[in-house]
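Both of the next two complexes hold subunit A, though its partner changes from subunit B to subunit C.
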Partner chain A sequence: MGIYLLRRLNLFIATSLLMVTILFIATIHFPTERAYAYSGIINPSAEQVQQIISDYQLDKSDVYQYFAYLSQRMSGNLGISATSQQSVAKELATVLPASFELACFSGLLALVLGVPLGVLASLNQHKLTQNAIMAITLTGYSIPVFWLGLTLSLWFGVRLGWLPISGQINLLYEIKPVTGFMLIDTLLSDSSYRLPAFKDALAHIVLPAVTLAVLPFTVVVRITRSAMLNVMNQTYVRAAEARGLHTGKIILRHALPNALIPVLKHLGLMLGAFASYAIVVEVIFSWPGVGSWLVSGIYQRDYTVIQGGILAVALLIIFLSILIEVLHTASNPLSRKELYASN
Partner chain B sequence: MNLERLIESMITAQSDNDSLMNALTTRLFRLAMLPLLGGWLVACGHQQLPQGVVYCSEGNPESFNPQTVTSGTTIDATSQQLYSRLVDYDADEGKIVPALASSWEISDDGLEYRFFLRHGVTFHHSDIFTPSRPFNADDVLFSFQRVLDEDHPYYWVARSGYPFFQSIDFTNQVASVTKNGDYEVVFKLLRRDASFLSNLATDFAVVLSAEYADQLLRAKTPELLDQKAIGTGPFRLVEYVKNEYIRYRRHEGFWGEAPKIDMLVFDITSKSSVRLSKLITGDCSVSALPKAGELKFIENHPELLLESKPGLNVAFWAFNTQKPPFNDVRVRRALSLAVDKRNILRAVYQDTGVEAQSLLPPSSWAYARDYELDLDYSPSKAMNLLAEAGIVNLSIDIWAMPVARAYNPNALKTAELIQADLANIGVKANIISYDWSVFTQKLNQTDYDSVLIGWNADNSDPDNFFTPLLSCASVGSGNNRSRWCDPAFDELLNRARASTDRLERTALYQEAQAEVSKQLPLLAFAHAKRTLVHRHNISYMPVSPFGGIAFADIKPALEDND
Partner chain C sequence: MPQIKIYQEDDIPSPMRRLWKSFASNPFALAGLWVIVFLLLLTLFGSFIAPYSPEAQNPKALLLPPSWDPAGTVEHFLGTDDLGRDIFSRLLHGVQLTFGMSLAVVITALLLGFVIGAISGMMQGLKSSILGHLLDALLSIPSLLMAILVVAVLGPGIDNVFWAVGIALTPQFVRAIHQAIHEELQKEYVTAARLDGANSLQIFWYVIMPNVWEVVIIQTTLAISTAILDIAALGFLSLGAQAPSPEWGAMVFQGLDNLLTAPWTVSIPGVAILFTVLAVNLVGDGLRSALAPIKN
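This part shows the complex of A and B:
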């Protein structure tokens, strides 16, 4: 297992390096001066110019610049944003938690609703129910997320007026960021408006989370169902049935844990699509996360923000995919066996 | 026997399965209903909100010091909220009223202005600054020396300069600013200027804290002066998060009438449709700059109210007169004649604007329409003029602002209409647009052909439409988008400024209007109404015909809480 982990770590480092290299090549081709593209300082003073030249080795060749760039970015210097003149790393730290909150909430929604529905679909004997569930998930899978987001906000926000359709919370609630998760921060805050603020934050997250959850939800239902059908036909389940075990027990103890392994694997594969969907959802619902931050950076030609956003999102996806793969291996004795065989 | 039992157990398992299915179904159903129910409760439950107002604004401020900018977005966010001026302009009464200066005297030759300052005015406090003394003459000196004196330690802190003061040539207008005791300030002028008090009443001539500036200079962070603003206005700045919001709280020691609201939040929302939807769902109470197409919807919506007033502003198409072929007045005239202004008004402004007949809006006291130069839409005349100038196959760039401004709600659409009009006379036009901050930066590089932009008056003096926009001094400050400099015209403006006789000034400004229509450095096409949308829970929201928005006088309705 140790060697396996080391190899995964290698994979992580190699992929990240490749990604930074591509980012560097893109950066030197931005239609602006390099000093500005690297640092984001618009009108640098004489000392700042010197500092930028020595930091990024601007007086040397591209190869030197690449290593200087790498070491600056690795040490956490992402430059400053051209539009706000604040450190990009600091801005990133304020927008990332909001994105995590939305992603966690919709991921949870997808799993909590998707897994039981998938089990239900696999157990149900009625062709009609099965087909209905499959038809609904296929529809959900095919709906473009921007259309869904706009439709939901039109109906539940504008027409019916039930739910707010943009932002994280009504801005009159003054909530000090502690964890960065608005739902938790509202409860932690010591203002007298704690509960109304929590309710308000909850109301704000419903529509974006539902929009974002549709894709993973449909995938989870379909994968759970096919995995369950597969597992329920295995001899050990049939044996358990033959022993007279309660069906609920068979499903929860014997079938479901095995059926969830492919679900985990597919979640890992879905991360990239999920992240790009999250960016679209954040823009539609003005969610103050890394996605809308990155998109507004692109509109404003804020090159340091673009680099910082891409770096953060890409590193996260690489890291999480590898993490899920490791979890998959750890939880799945079969793949461990393959692993040992291959070693 | 065994087989029988097996079958039996299979059957029971099957029926078990069915009952389990039922249980699972109910449980699932409940589970699925839970978030829906929760959401419904939250939406319909009685919502308890802290007292305050959220304003959906259209963009990020570039700075928190109005001295250093001219953009309306920044002025809205800073000037009337955070700062006070020496004098204010009362739009209803049409006269200058006391603010930080409780009274003033003007010498007989009009060259010396003596201001007596208000006592007991306190500055804001913040987490990095607590004022130790009330406002006095030093603060006034600091605020104006910073703009006037190139050797002042703060002069170069503002990298973008002081565009408004440069455009009115303030440094060559004021000889000195001195204090006489702690509560008296004397401005000595180099030449008589009827617009001087009006200029001091603009949103740009704010008073900063000298004590705060000293403290920042000692801490070697002078640039914070323009970011973490400290003023004497009705609200103090609490927090600014780029692209998200600006939060203000009531300044408890405000010298004027205390604002009715505890908290003011600018919710930065650049898309007009999103601002409208936030207004409908109640996330905002007041919203800026609705698009003309949205007005009908707003009028029909039971929760929303539209406020509008004729504005002192002008939207124009400026030609870069320093670049051929726009240095030829015949070309400028031809392009102007080719534009169907009525069509632009119909499509872009609908009923929120009036057609411009002059650079000055009709509500200005120096407005005149009685010059004989005919600028009515006429493509055939335009083609003749172009032929006369010997121009064939002309292709030009039209720069169009990407954001809605008070004077032009949709510059891109305007540009498209002009593009179609120009195609009729055989001129090809390319539309160029960037995001706002990039747009202004690139515009300052001055190699554009023509640009669709406009001007919001800062005070009611007609000079405010001429000197900042078309004088030689304003070419350097970047406000003169036509880059037009005519010494004779400058002389005319100076004469108009030096006089204090309104009849004489009116005649001179009418001459200036005629000159602009003859030379056409820019084509004025519309004066927009100032519009603002708010929910019914705001009972009073003042709209000023010029300058920035002010929240000090806003009145929320009492039963507001839903």
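This part shows the complex of A and C:
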């Protein structure tokens, strides 16, 4: 296992380096001056020019510039944003938690609703119910997320007026950011309107979270169902049945843990698509997260914001997918067998 | 008296026919296939049968509802948008951009990914690993972020969407084909063929490829649905197809201003995207379940 972890760490470092290389190649091809693309300072003073040249080795060749770029980015210098004149790293620190909150909430929603429904779908022998569930999940899988978000906000936000359709919280409430997670921050704050603010934040997160949860929900239902069908035919489940165990106990204790392993694997594969969807959802619901920040960055041709956002999101995805792979291996002895035998 | 005709049954269906029979027994998959054939025809001839040109503005019919609404007219079957452009004609022109372009992107990515994946899959050791994992970093950048990066370099436009989505899709093909070939290479029938004196090229084409085609097919259907959704999403964020274009995602974006007064300008292109992707996914699902028993 130690060697395996070391190899995964190796993979993480190699993939991240490659990622930075791609980003660097894109950066030097941005249709602007290199000094501006690297640092984000539009009209630098004489000292700043010197600083940029020495930081990014602008007077040397591309190879030197690459290593300078790498060391600058790794030391946390992401440049400054051309539009807000603030450091990109600081802006990133304020928008990342909001995205995390949305992603965690909708991922949790998808798992909590999806796994039981998948189990129920696998147990149901009725042809019509099975077809209905498959039809619904396939539709959920095919629906364009921007259209779904618009339709939901038009219906529940405007026509029925039940839920707010933009932002993270009503601007009337002044909440001091502690963790960056609005749901937690409202509860932590010591003001008198703590509970109403929490309710308001909860109402704000419902529509974007539901929109974003549709894709992982359908995937979870489908994978859980097929995995459960597979597991319930195994001999150990029949042995448990022969011992006279209760069906509920067989499902919860014997079948479900094994059925969840492929679900975990597919969650890792889905991360990229999930992030793409999250960007669109954030733009539609004006959620103050990385996605809407990045898209406004591209509208304003804010090159440092584009680099910083893509770097952060891609590194996160690389890290999470490797983490999920490690978890998958740790929880599944069968995949370890393969590991020891392979090259 | 039971009829026993085992020896007279001389008609053994070929694998292709068995696949087709198993596929055709699923009515939903077949319906999806018909929709796709229909869309292919529209891709080729849609712009000829459209009653109006996509940019033709009719100032006398602004924001006309669809024809089944009491206020709608049959001249504008699906209504008009805020500039008086006929939505039905724009949809027909848009098939080429959304569906046709997704096909072109997927075919390009497939060819490129197939070549790289096949070479890296057939090679052993470090070379194979480098080539196979070279594009893994691209895989970790979500397709939309990739598109943002391409747009940042090349500027927005429908041609750049082609590259953005293509770059995002190619590593998926490389990885799928690399893994499939790698898995098959470990099996004993390949060793048997090698002992018979087959060279690498023969092993690749005659021994391994017949067992890998289904991976390619399934990956292709998945990629088409991803490509359609990505192209539409980029159009919607106006990073791809720009304003007057009848690309479906861009049409949703253009209808956004009138969402409250004329919801059909948003919902009709949205439904078109939904049904197209649904048809592709139905066919993909049907193919997968038709291929599964043959594989096992």
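Throughout what follows, the second predicted complex is superposed on the first by the 342 of 343 C-alpha atoms of A that agree within 3 Å, B and C clash if a C-alpha of one lies under 4 Å from a C-alpha of the other, contacts with A are read in each partner's own complex, and residues count from 1 in each chain.
We adopt the following convention: contacts are C-beta pairs under 8 Å (C-beta built on N, C-alpha and C of every residue); 3 or more make two chains touch, one makes a residue touch a chain.
What you see is a predicted model, and the numbers here were worked out from it, not measured in a lab.
Partners subunit B and subunit C, brought together by superposition on subunit A, fit side by side with no clash. Within the superposed three-chain model, A:Ser71 lies out of touch with both subunit B and subunit C [touch as defined at top]. By the touch criterion defined above, A:Val158 reaches both subunit B and subunit C.
In the superposed pair of complexes, A:Leu117 makes contact with subunit B only, with no contact to subunit C.
By the touch criterion defined above, A:Thr179 lies against neither subunit B nor subunit C after alignment on the C-alpha atoms of chain A. Contact with neither subunit B nor subunit C is seen for A:Gln234 once the two complexes are overlaid on the shared chain.
In the superposition on chain A, A:Gln48 makes contact with neither subunit B nor subunit C.
Taken over all C-alpha pairs, subunit B and subunit C come no nearer than 6 Å in the superposed arrangement. With the contact threshold set out at the top, residues 158, 301 of subunit A are in contact with subunit B in one structure and with subunit C in the other. Taken in their complex, subunit B has these residues touching subunit A: 6, 9-10, 12-13, 16-17, 20-21, 24-25, 27-28, 31-32, 35, 38-45, 47-52, 54, 60, 159, 238, 241-245, 247, 263, 265, 267, 269, 274, 277-278, 280-283, 434-435, 437-438.
If you check the complex, the residues on subunit A that touch subunit C are 11, 14-16, 18-19, 21-23, 26, 29-31, 135, 138-139, 141-147, 150-151, 154, 158, 271-273, 275-276, 279-280, 283, 294-295, 298, 301, 303, 306, 309-310, 313-314, 317-318, 321, 343. The touching residues of subunit A, when paired with subunit B in their complex, are 42-43, 81, 83-84, 86, 91, 94, 109, 112-113, 116-117, 119-120, 123-124, 153, 157-158, 161-167, 170-174, 191, 193, 196, 199-200, 202-203, 206, 241-242, 244, 246-248, 286, 288, 292-293, 296, 299-301.
Against subunit A, the residues of subunit C that register as touching in their complex are 28, 125, 133-134, 136-145, 148-149, 151-153, 155, 225-226, 229-230, 232-233, 236-237, 239, 249, 252, 256, 259-260, 263, 266-267, 269-270, 273-274, 277-278, 280-282, 285.
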